[in-house]
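I'd like to ask you about the structure that follows.
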Amino acid sequence: MAKIPVGVLGATGMVGQQYLALLAGHPWFEVTYTAASPRSAGKKYKEAVAGRWHLARNYHPAVGELMVEDANDLTKAVAASRAGKCAFVFSALEMGKEETRALEDSYAAAGIPVISNASAHRWTEDVPVLIAEVNPDHTDIIRDQKQKRGWDKGFIAVKPNCSIQSYVTPLWALLKAGYEIKRVVVSTLQAVSGAGYPGVPSWDMIDNVVPFINGEEEKSELEPLKILGLISGGKIENATEPKISAHCNRVPVSDGHSACVSLEFGAKKPSIDEVKKIWTDFRSVPQELDLPSAPKRPIIIREEPDRPQPRKDRDSDKGMAVTVGRIRPCNVFDLRFVGLSHNTIRGAAGGGILNAELLKSKGFL
Amino acid sequence: MAKIPVGVLGATGMVGQQYLALLAGHPWFEVTYTAASPRSAGKKYKEAVAGRWHLARNYHPAVGELMVEDANDLTKAVAASRAGKCAFVFSALEMGKEETRALEDSYAAAGIPVISNASAHRWTEDVPVLIAEVNPDHTDIIRDQKQKRGWDKGFIAVKPNCSIQSYVTPLWALLKAGYEIKRVVVSTLQAVSGAGYPGVPSWDMIDNVVPFINGEEEKSELEPLKILGLISGGKIENATEPKISAHCNRVPVSDGHSACVSLEFGAKKPSIDEVKKIWTDFRSVPQELDLPSAPKRPIIIREEPDRPQPRKDRDSDKGMAVTVGRIRPCNVFDLRFVGLSHNTIRGAAGGGILNAELLKSKGFL
Amino acid sequence: MAKIPVGVLGATGMVGQQYLALLAGHPWFEVTYTAASPRSAGKKYKEAVAGRWHLARNYHPAVGELMVEDANDLTKAVAASRAGKCAFVFSALEMGKEETRALEDSYAAAGIPVISNASAHRWTEDVPVLIAEVNPDHTDIIRDQKQKRGWDKGFIAVKPNCSIQSYVTPLWALLKAGYEIKRVVVSTLQAVSGAGYPGVPSWDMIDNVVPFINGEEEKSELEPLKILGLISGGKIENATEPKISAHCNRVPVSDGHSACVSLEFGAKKPSIDEVKKIWTDFRSVPQELDLPSAPKRPIIIREEPDRPQPRKDRDSDKGMAVTVGRIRPCNVFDLRFVGLSHNTIRGAAGGGILNAELLKSKGFL
Amino acid sequence: MAKIPVGVLGATGMVGQQYLALLAGHPWFEVTYTAASPRSAGKKYKEAVAGRWHLARNYHPAVGELMVEDANDLTKAVAASRAGKCAFVFSALEMGKEETRALEDSYAAAGIPVISNASAHRWTEDVPVLIAEVNPDHTDIIRDQKQKRGWDKGFIAVKPNCSIQSYVTPLWALLKAGYEIKRVVVSTLQAVSGAGYPGVPSWDMIDNVVPFINGEEEKSELEPLKILGLISGGKIENATEPKISAHCNRVPVSDGHSACVSLEFGAKKPSIDEVKKIWTDFRSVPQELDLPSAPKRPIIIREEPDRPQPRKDRDSDKGMAVTVGRIRPCNVFDLRFVGLSHNTIRGAAGGGILNAELLKSKGFL
């Protein structure tokens, strides 16, 4: 089958690069359009990233020859779309929130679906915030979104913040198994790649941790509630539980966010063995559909006392699995564990690609 | 006034070295006796640590000329004590628990008080676990200890684990101000020096965090309860609150343990401003007695959003203050903050020296 | 074709683990015998490495079920060999030099070829020190070795120290192209995995470099001379040039040794462009034989001004290529460059496997 | 005696902050004027650096209350100078070279001496590049400089690049003792603070080294020749020897530049013991004058095989000494050693302050 031609907006940034690295050799999608800031526009992609390609894995050679367009210049994208070179775009834009929102809207309005990594639209009530294993049914809101806005082919779907990927899938697996979760206290130890490039100065990361990431705790507490919400009356009604308290720390790790989680169940409380069984057995729509980027097992349990660890576990199942360990009772609540996921793969580009695969399978793309 | 001659057991290890570095130039104490494992015994101290002195700060030149004795050989210590060369010892022994306990007992029984950094005696019911600003009155148990055991001059006093120093003093200041604390969830980010030397392999700390430290969570949860306990009937009755749940992580930091704390008050809840005022104003016995190693302010508040940080704050007030920041409401409990203390100074050798100063001031030494 | 059954001695150490990770799925070799210290002997491999498997990549599940034997117990290896379970062994022994030499000799004498990573036999005059692209013809000495010692099937072939892999192949390519090299000054920046596990304490690697690695400078200066030597009269006559001066540093990098090289040619001096062409075009016997572990291009040139970098370049071509950059004239000699190779793959287990593939192709195994 | 009021240009940057930290409590100088970019101008210093003070050591409280002026606005500096608030300035400007040169000229022309850390004037033939222990007599050129330019009180004196401090003083001590040095190959391992703030992204420093620092090798090779030059005909004639070849690497170290040095003497060659004696005995003008910031011993030898190390040795003698170790013969040239100095103290602000002390003692300020 012919591959679907796709575009990447913000193609030269940290997440944009991760998209191009992951899409090199993708069985369904082929990058045929790249756009970035005016500074990069007009150069070949390989020239635009010369001396600032940050990853060990490389982009597809054909992408290196693509001309980078100005992401603000919609006419270029529309022309590409009409020419069959851009069926939809992955957005890894790194502008301000208002600007990003307006720009993503304009692409969608012009008939180009936007699968976004940006935070701009996460709180738009008819835009789904998708973790493919957790709320695949939230894609249904796209019909309302299109209708309300009068969009024909275009729409917007986003993915959540990278900090929550290490604990939301495990929480969801427990909820799905019938266990209410009332309260969660989580401390994250987050990798520097989450801040993009140049991101965190090395002066602040050598022999140090920084106990603060701007805006991250709010996202970590609130975004799960939208993801766990229900579609009702053309919008997503946020869940009201669990209450989450997040402490977000930046640590000297290149990739891989860890989360130390304490949680309180409702009246019905699973045993530790039941928790392990639920997580081990957990499969969801991406696994059922056998999507190319779906991890075989969304949640991998490590039984060693000192795992998961970022350098050793972040790449599990192509960087798409959540690795969980230290599953034990909590001295204050009911359950404690440590979760880990690759923040620029599962938590960013890989998560976006999996969402696109889901949307394609469901006929939205 | 003539300085008090003191000994250091385990003088060649990481904490032993920190003792010698901090005691160089101490106004009250002078190291005149060193003991370590049989491997070091019989060498001059400077020879015993040649090529394995780990600190930037140096030991006193006179200590370099001392002969290192075998710590297991009590006769040497007794002879030194009789010769006026060892009024008491700091124990930084790194043997097994049983061995350490027996050895510390034998020193005390022989009339040599032991101010210990080791964990062996922390759960002995008539041995005080002292944080000088928190439970200075627990020194009273020493009288019972001596009487019960028939010890004349010798006794044992210990300090708690390094992991708890970043949060117990702030908690105590709130308790002292009349606010009950019911529950605490704490995640620590601990420096590698806490594991001694060679300690944590660099292979495990480069681009990585390890979410486990053997035995550390139990200590972090239980030791505060003894410290917050009351003397009753010749033993220390542990407090029953707060319930503490600890997640202990090892991070690539040389010195300085951080703690992300969420806590629940009892019915009476202070405002954030009250909390700040309580911590800013907190002073205790070491400050009243103006002990040489006491920090001027036991708790230092940093108002910047991204502090405290280990490399920038661990050395506050000679490494003896606890630095606190990010004081804010908790989304699940009542209060959140981040605490930081220097684990081998405040949390080990410096804390031990301050305890000795307290005990000297109170007439126990 | 049926795979050749092989053994790994020292299978639980850092390099032994790397062997098992790389041999999982190897097209020619299959690990059917593992041996280690008495401490591990008698356990299944998966039990022996439980909680101390250090790599992200895993061993083959079938290896996990193998019983680990005592490497000192030759009878076990001989029995396995007779049972068709151990055609030859990879030695990643981590004992003392004398012990290792004696043990490797005893395996060879018993008819089991030894492809060794250990340094014990590097200066034995009839034992080849192989870098498959540099001196593949040194395998010829094996015939002399067998004859002299009266060994029938067994023999010993070793690989050089990991520190030299980043510069010896580039030097050889220039020599092969007809350019004499008189003198070399090299400073290495070496990863911690080179020291095995636990290896370098993290206390010494956080915010630090250590300008010394025991024995490493001697190896870095002398081993290239044997590799560049000639077989003559049943032994390898060392080359007398180039003179090499090495400064070896340990840096906080997990994997990947860098080398900053300044070199002086003889009278005939290539231009920078010629150097680049020589390196780009360089191919050798492993490439001609298309050996499974051979890199397609043994030397990869990066033109960016700031490459090669360990984290970004060490895994080039399965970690088997040498990446070279910053090729420029030297202000004191003729040529400067930076070389980089993966020390536990190209510089250890991967290099050993490639040597075995070469020996197999040449009929020695 | 009343302290001399001084100004700091570029007061909010990494080196500017280091100036303010080191000048807090200086016995001769008192900061009474601060200037920075227009972004900071008009704020109190404490406001200008709120949330971006990078050092553990703090500035003087009185400096926090100073209004930051626009460094480009000379009228402010002149007014301060006339008001007795700015006898001279330390320049830690971080603008472009041309701009910096013009601005420093304008300060000097206006009668305000400039002690500069910037590279702009290092190759101006009548501007001395001072290392106080190496070429204190180069201050004599200031008379020519003033005369030629018609400057009355103002003048410009600069300090060299931070990368050369670890080896130029040791080289000079050998030259002064009568040993010619013909050639030097040096590899530096440089700390991230050398790049200012934000400087090197942490993404590039975690588990990595970067074998390139823009412009640094040229400075490392050429600046020593000016420092070792002679005043002749109103300008400094550069030395022609030694020829230096530098490889400059960025490593994950916060502070402290290391240098691995191989050097070739002329016909007369000292023994290793003579070298050690020369370095141990080396004293120069700053020591003779007992300048407040002068290290007691400019060169400290560590005999341990694995020193100097940045974290353990950079702070020797207030961060002003050069620590040298691994003194041994070279396999290619004559002598090898490792030098280390604190790049933002000895190599930047501390070096500038020492230069000002020298100039004050000699009557230039």
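In order of appearance the chains are A, B, C and D, and numbering begins at 1 in each one.
Everything below uses one rule, namely that a residue touches a chain if its C-beta (ideal position, glycine included) is under 8 Å from a C-beta of that chain, and two chains touch if they have at least 3 such contacts.
Keep in mind it's a predicted model, so treat the numbers as computed, not measured.
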Joint neighbours of subunit D and subunit C, given as chain labels: A, B
Which listed pair, B-C, C-D or B-D, duplicates the contacts of A-D in over half of its pairs: B-C
Rounded Å distance between subunit A and subunit C, as computed from the means of their C-alpha atoms: 40
Between subunit C and subunit B, distance of the C-alpha-averaged centres to the nearest whole Å: 47
Interchain centroid distance [CA atoms averaged], subunit A/subunit B, Å: 43
Shared-contact residues (touching 2 or more other chains) in subunit B: 54, 204, 206-207, 252-254, 305-306, 311-312
Sites on subunit C touched by subunit D in the complex: 183-185, 187, 189, 204, 206-212, 214, 221, 243-247, 249, 251-254, 258, 260, 262, 305-312, 325-326, 330-333, 336, 338
Footprint of subunit B on subunit C - complex, ascending: 14, 54, 192-193, 197-207, 252-254, 311
Complex interface listing, subunit B residues touching subunit D: 50-51, 54-56, 206-207, 254, 304-306, 311-313, 315
